[in-house]
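Right, one structure below, let's go through it.
We call the chains A, B, C and D, going by the order they appear; numbering starts again at 1 in every chain.
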Amino acid sequence: MVITPIHYIVVPLLAAFAIPLLVKIHKELPRIIPGLVMFYNIIISIVLMQQVNEFGYVSEVIAGWKAPWGINLIITPFSGFLVSLISFMGFVIWLYQYRFKKVIDVGELKSYGILQMMMITGAIGIIITGDIFNMFVFLEIVAITAISLTSFYRHRDGAEAGFKYLLIGGFSSTLILLAILLLYTQVGTLNMAEISERMHLVPQGMKATILVLFIIGFGIEAEMFPLNGWAPDAYSQAPGPTSAAFAGIVVKAGVYGLIRIIFTLFDIEGAFDFLIIAGLVTMIIAEFSALKQTNLKRMLAYSSIGQMGLVMIAFGIGTKAAVFAALFLMFNHAVIKSLLFMSGSILMYNSKDKTISTLSGMGKKLPFISLLFSLGAFAIVGLPPFSGFWSKLYVLTAAANQEMILLIGAILAVSIVEIVYYFRVVSKMYFAEETEHIAIFKPSINAKIAMGILGAIILIIGLYPDLITGYLHNAADMILDKASYIDFVLNSNAPVQ
Amino acid sequence: MINDKDSQKIVDYIQNFSRKHSLFVMAYGTGCGAIEIPATMTSRYDAERFGIRGAATPRQADVLLITGYLATKTLKRVIRVYEQMQEPKYVIGFGSCTINGGMYYDSYNTINALEQYIPVDVYINGCMPRPESVISGFIKLQELIQQGKADNGKRYRENLEWYRANQKKIIKNWKMPDYNW
Amino acid sequence: MEDLGLKIFGAILTTIMAFAVGMTYGGIVRKLTARVQNRFGPPFYQNFLDLVKLQSKKTNVAHGFMGHTAPVWIMVASITVLMFIPILNGNLWFPNLSFHGDLIFILYMMVFGSLGMALGAGQTGNPNSAIGVTRGLSMMVGFEIPFVLALVALMVQYHTTSIQDLMQIQHESGTWLIFSNPFAFLAALFASLGMFRYSPFDIVGAPAELASGPMSEFGGKYLGTMMSGGSIFAFIKLTLYVDLFLGGAGNPDHTGIWATLAGIGVLLIKTFTLYMVPVFYGWVSPRYRTEQAIRYFWGWPTALGIIGLIWAVY
Amino acid sequence: MNLFFIILLILFSSAILAFISNRIVRGSSGIIAFIGITAASILFFTRLSIGNTYSFTLGGIQMQFGLNSFTYLFAIIVLGLGVLASLYSIQYMKGKERLGYFYFNFVLTILGMVGIIFSQDFITFFIFWEIMTWSSYLIVIYNGYSSSKVGIKYMIFSALGAYAMLTAIVSIKGIYGTFMIKDAIAAGAFNFTDHFYIPILLLIGFAVKAALMPLHVWAPKSYSMSPMSFTAIFSGAMSKMGILGMGLVLTSIYSHASPEVSVYSLILKQVLGWLGGITAVMATIYALIQTDAKKLLAYSSIAQLGYIVVGLSTGTKLGVMAALFLAVVHAIFKGTLFMVAGAVERQAGTTDMTKVSGLIRKMPYTFFAALLSIIALAGVPPLGGFVGKWMLYESLITESNNYFLVIVVFFSSTAAFLYSYRFLFGLFLGQEEKETEHVKEAPLTMVIPMLILALLLIVTGLYPGILFEPIAHGMEYLGYSHVNWDMSVLTNIWGEQTNMSYIFSLIGIVFVVVFIFITLKGYKGTRNVGTKEISTSGEIPLEHENLTYQMDFFKPFERAAAPLYKRSMNKIWNDIGNALEAVFNFTRKIYTGNGQTYALFVIIFLVILLIFKDSLFAN
């Protein structure tokens, strides 16, 4: 069987429909199948990335309808990178959640596996599709599954968080749909390459309106301020693995959407400046808010928002170095923040009332988890020699190349805030006197392995970033090279499989 | 260093001469007699012309001046001060009280004869002795020093047991370091 | 080697002279004080008697190693500083090492003795000693400021940090530095009030409160050695002031025996005159409290020193 | 494999080994750390020579390791002190918890410093700088949660400095296109020509580590809270990394300052000099009111670093030389003093000077080491400290014409006698107490490092030339030509000399003579008594009565200098912190937790964007 991009979509979908049936055969299957699917995703990614390296692009035309008429799936170095990242994170998250304690009931287990898988599929779909309406559909899949997962624990807070997400997510869908509609009326096509080609036909006012709608729509998913009200609640109420998946997967898809719209579809200078400003505001407000949080997961959620702000800034700078830095940042954020959510939710699970102040003594009770959490904390604030440092360095270098000294200052000032709240947790974990004894839930071995993998990546990339910088450079090249994207999608007759 | 007898004599002479003319007085103002000391020291009588001057601590002092009656409670302190002084050291009993108790001879809490407790070189009689007599007492002490007769420290060392016994009679809660010279 | 022998001889001679002069000055001051107070007073050689008596004490008490070495420190400081201060300008008979050190060195070396003394006093465990030491050190912070201001003014004005050169400058120009920078001199003079520790700055010893302060546990040979060190030190301070401000003594062109004696005579006159300043001030003053003393030095003396420094720069 | 990497790898692996080994054999980490650091030092001093370089690329950035004569000087400090401190640490840390953790960070800190010394480009410099920072942070919070606030403060200020530095570094990259330190200097990155903020930001970064006012507030508690074996390095060596950076930047500012901008460098000179002077004064007066010996030493460290900064700020030959000399000597004596404090802490249980006193008879060797270091610290001749002070004053007076600064510095160094005495008196002198009766001399492995360092002070006093040689080479690397030095003669530019060998021999001879005299004279009649044998108005102090004068030690001085104590930098920073806290609280309230509000936000944002769309997204 030849591996093509469509496998990303089809296999998980089939598996998702199969799970309710397979449950009848064996109780454990709903646990295992998502893992297999995720693993298969990784294989697809490896194979496709090789092809991308070889040909530059991989594209698949669905049902024989060539672009611009049909839906096509495109793997470019950029989307390939993101897809691989998402596949990998999906697998790690599966590994982590395999035998996750709260998912014991078979019925819930079933739906959990399906939802998780669908969410990842949706995120991958957003990235690989070349059709904007298709993108919307996948975004809806992601949104609906994410909302369901948010309120997965059927208690009051979860439901509330889910409702908020639903409310804001509704805005997102509506506005994107509206934008697509307007766009269609203007250019008469849904293929992104073609839209991009015909963009000059659109009058300026309409163009800006559409862009605003898109920005808000995707901004909600990408956690742009002030559209990110849903995020802290959703992150903190969702099950641990889902929080990790939010940070590692969903947000990446949202950012991808935003970037794809701004970089490929539109060619508006102001959008870049807007990204910088929006990113800066997002970052500052989120990090400031994070400092005052008492709940660990909420703190991580705000921190996640802040990081996405930084990613937006990096994209907003818009040079090749900056885009490269942004991609590196996305990679780091996915790895590190997932690790933080994974270890953090175990820590939270063992604390009495889910506040940071009850974390004392965890360093002794859960040494491995605490170590990994600290590692994540050190990495996310950008201390060398961990991977977070490099991305921050590249962002700053990119900013410095544009002589944006104040921006650098702001980023670094916010980093100090970051240091404060992360290190507070670390020192609390290790050095506070143990308050009281509670029964400790030890994470299972596979969770440890999952976190260990992420920790190892942080260290390895930190010590030798060259492992991935090559891919990132290619990806960054591609984003900026709009013409060849259009050319490839519309005019090539190459590998249609 | 100098074994020759004559030289030793010369050295002794010099030492005694300077000892005699440099008397640092630890004036222990135990009783009413203390009021005479300022008069002795200041312009009217000016004891400093004989090389007599006050010393603030027993470490520096040569002469312990017991001015007047001595309460039993104070005795312990006096003994302590006396023992802390460096040899050669001298004691002057000042006023009648130090000789026989004076007007306090039958008091329940004063001692009568200072000599019982520490060796005394010179007594100055009177109640109060005037500064003139104080100075004359000092001059008497100077003569004794010049003659080498003022061997207060030696006497105390040699008769330590006797003195201790006397002291312990008065002082009930005896808690003093040993005198181990 | 002949040279070295002469130097050692000269050094010993200097030390003895400094010692003798210092002790005698002390005696004279006692006498004068007595006269001022309408007393007859002790003879001028009284200090020598005291010293011999102290050294011939038969028993002594030491409180450990630092207590034992405290007088040594003082002697070391005194003699070392003495060796680096020119007694007579360019005279063969008082050769010393002043070419191998300068004002900054002397400033710091003068503290050496105080530090040793303070440590020795500390080890005795007597609370009065420690209190005395803290007072002394605190006051030192006070008077060092105008003193250093004055010295820096001189150094800046004449572009040299060597006492020898300053003396030479005064000799060659014929004017004393007291005239070319009077403010610096005044500042230094005020500082000297604190250095000599006569009242109102006798807060260190403070006989009535602290039982002679740092010295309260020292007697016999220790006190005697300290006294000699202190006497040498008094001479050093006076000579330093004379060298710096009053043109020094001696004439480098005439180094014969009579010229030397004349030089010593001049030196004695100048030093004695200078010595009378703190003594006179002391006669008419009661004692300050420590913080008052410090504030005193940080007031007008420092202001004068700053004026002197500005004077020197412009 | 390259020697640079081997040295770093040795250190790194010994850090890891130390971390692991404590789980296998309790207490073995210290020995492993010691062996690792010693091996690295031996390799460093025997195989590596000045001028070696090694280039490589990491993360698409050209990097270079190398060793030049300027950094070599600091390598001496770091590795020398590192070896001794780790030897000391074995016994000091014995029986404590989390030894693996401690030694892991201990070695990593040294690794960081060695890395800084090796790095020839800003990125490796920054990487190792940060490694050093966080590993030392982890040690600062080692002593439990009570110290975590201190740790956070330390980390905040370090991050402030580090990020200021990073800003400058990336700006250099952005403007001059290089990360190499040498190239950047050659390109004039440190001039005040257009980008005046670059050197300023770098200086801020270094000033944090050098604990310069007003960025020093982290230092007192961080120094005193960490284990003393580490503080020896923390204060002795790590603060010198700040000096290293400052030296590098300042000298290139001065030497490259073109005439038309030299006014700025003059201003900088003055500002830095005065900051250094004020740091010295303020830290000194705060040091002398401390009752904890460790805190006293911590403040004293800040003060001493102030002198060093003053020396550096002059930019003159003698001044820089004085600063570098003081840097080395400060490392020696402050290392010793912190070790002494550690020894006292270990043996007597506390370093609170109101509780401990009279240890001199029980810990004579420790006292000896403390005495020598205090003499050096106070700058009293004839030890190394004096040499540094002498050069500092001479340079200020003769070369940089900064006369009033001299007074300020002198004030602080005179006031330093006060706390020097306080330290010695508080711990070692005074009355012996019943509570400290059981105290014994520290173990041999703790005493030996202290004594070695203390003896080094004598050597540096007698033959300062031993240090002048590397310093002169280092300065020549920085661009000073013809740096003259002598083995034991100090010379200023007016030609005046101070001859240390004369001073030394004179002091030695007189000391010995008078000592023999005073010992032999009346030897039989001299009795050595305890500290209870004192004349207290005839009263006999009882066993449990403690007459040592320890409380309000310098109260009179405090009263006299009351206006100086009024303003505290700490307060100002606290106010800033509170203001920020308020801001954070306010921002947090933006997230109300109410879905309707969030929806409203979205709509408002949409409306605003739609209104301003044309101006925002114009083509």
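Methods note: a contact is a pair of C-beta atoms (placed from the backbone, for glycine too) under 8 Å apart; a residue touches a chain by one contact, two chains touch by 3 or more.
On a predicted model such as this, the values are computed, not experimentally measured, just so you know.
K.L.:
Using the touch rule stated at the top, which two chains are linked by the largest number of C-beta contacts?
P.N.:
C-D
K.L.:
Work out the mean Cα position per chain and let me know which chain is farthest from chain C.
P.N.:
A
K.L.:
So which chain ends up in the middle if you average the CA atoms?
P.N.:
Of the chains present, the most centrally placed is D.
K.L.:
What whole-number Å value describes the gap between the mean CA coordinates of chain A and chain D?
P.N.:
About 44 Å separates the centre of chain A from that of chain D.
K.L.:
Calculate how many whole Å lie between the centre of chain A and the centre of chain B, each centre taken as the average of the chain's C-alpha atoms.
P.N.:
Whole-Å distance between the two chain centres: 97.
K.L.:
Using CA atom averages as chain centres, what separation in Å is found between chain B and chain D?
P.N.:
The answer is 58 Å.
K.L.:
As a quick test, compute the distance in whole Å between the mean CA positions of chain B and chain C.
P.N.:
Comparing mean C-alpha positions, chain C is 36 Å from chain B.
K.L.:
Two-or-more-chain contact residues of chain B, please, as numbers and ranges.
P.N.:
As it turns out, chain B has residues touching two or more other chains at 57, 59, 84, 87, 181.
K.L.:
Where in chain C do residues touch two or more of the other chains?
P.N.:
Only 57-61, 211, 216-217, 220 qualify.
K.L.:
Which pairs of chains touch one another in this structure?
P.N.:
Between chains, contact exists in these pairs: A-D, B-C, B-D, C-D.
K.L.:
Help me check something: in the complex, which residues belonging to chain D touch chain B?
P.N.:
Touching chain B from chain D are residues 525, 527, 532-533, 535, 537-540, 542.
K.L.:
Which part of chain A faces chain D closely enough to touch in the complex?
P.N.:
So the residues of chain A in touch with chain D come to 160, 163-164, 167-168, 171, 175, 204-205, 207-209, 211-213, 215-216, 220, 226-227, 229-230, 232-233, 267-271, 274, 284-285, 288-289, 291-293, 360, 378, 383-385, 389-390, 393, 396-397, 399-403, 405, 408-409, 412-413, 415-417, 419-420, 423-424, 427-428, 430-433, 464-466, 469.
K.L.:
For the complex, give me every residue of chain C touching chain D.
P.N.:
55, 57-66, 68-69, 71-72, 75-76, 79-80, 83, 97, 99-102, 104-105, 108-109, 111-112, 114-115, 118-119, 122-127, 130-131, 133-135, 137-138, 140-142, 144-145, 148-149, 152, 155-156, 159-162, 165, 211, 216-217, 220-222, 225, 289-292, 294-295, 298, 306, 309, 313
K.L.:
Going by the contact rule at the top, pick out the chain B residues touching chain C in the complex.
P.N.:
So the residues of chain B in touch with chain C come to 14-15, 17-19, 21-22, 24, 42-43, 46, 48-51, 53-57, 59-62, 84, 86-88, 153, 181.
K.L.:
Quick check: in the complex, which residue numbers of chain D touch chain C?
P.N.:
358, 360-361, 364, 371, 375, 378-381, 386, 389-390, 393-394, 397-398, 401, 403-404, 406-407, 410-411, 414-415, 417-418, 420-421, 424-425, 429-432, 492, 494, 496-499, 502-503, 506-507, 510-511, 514-515, 517-519, 521-522, 525-537, 547-549, 553-554, 556-557, 559-561
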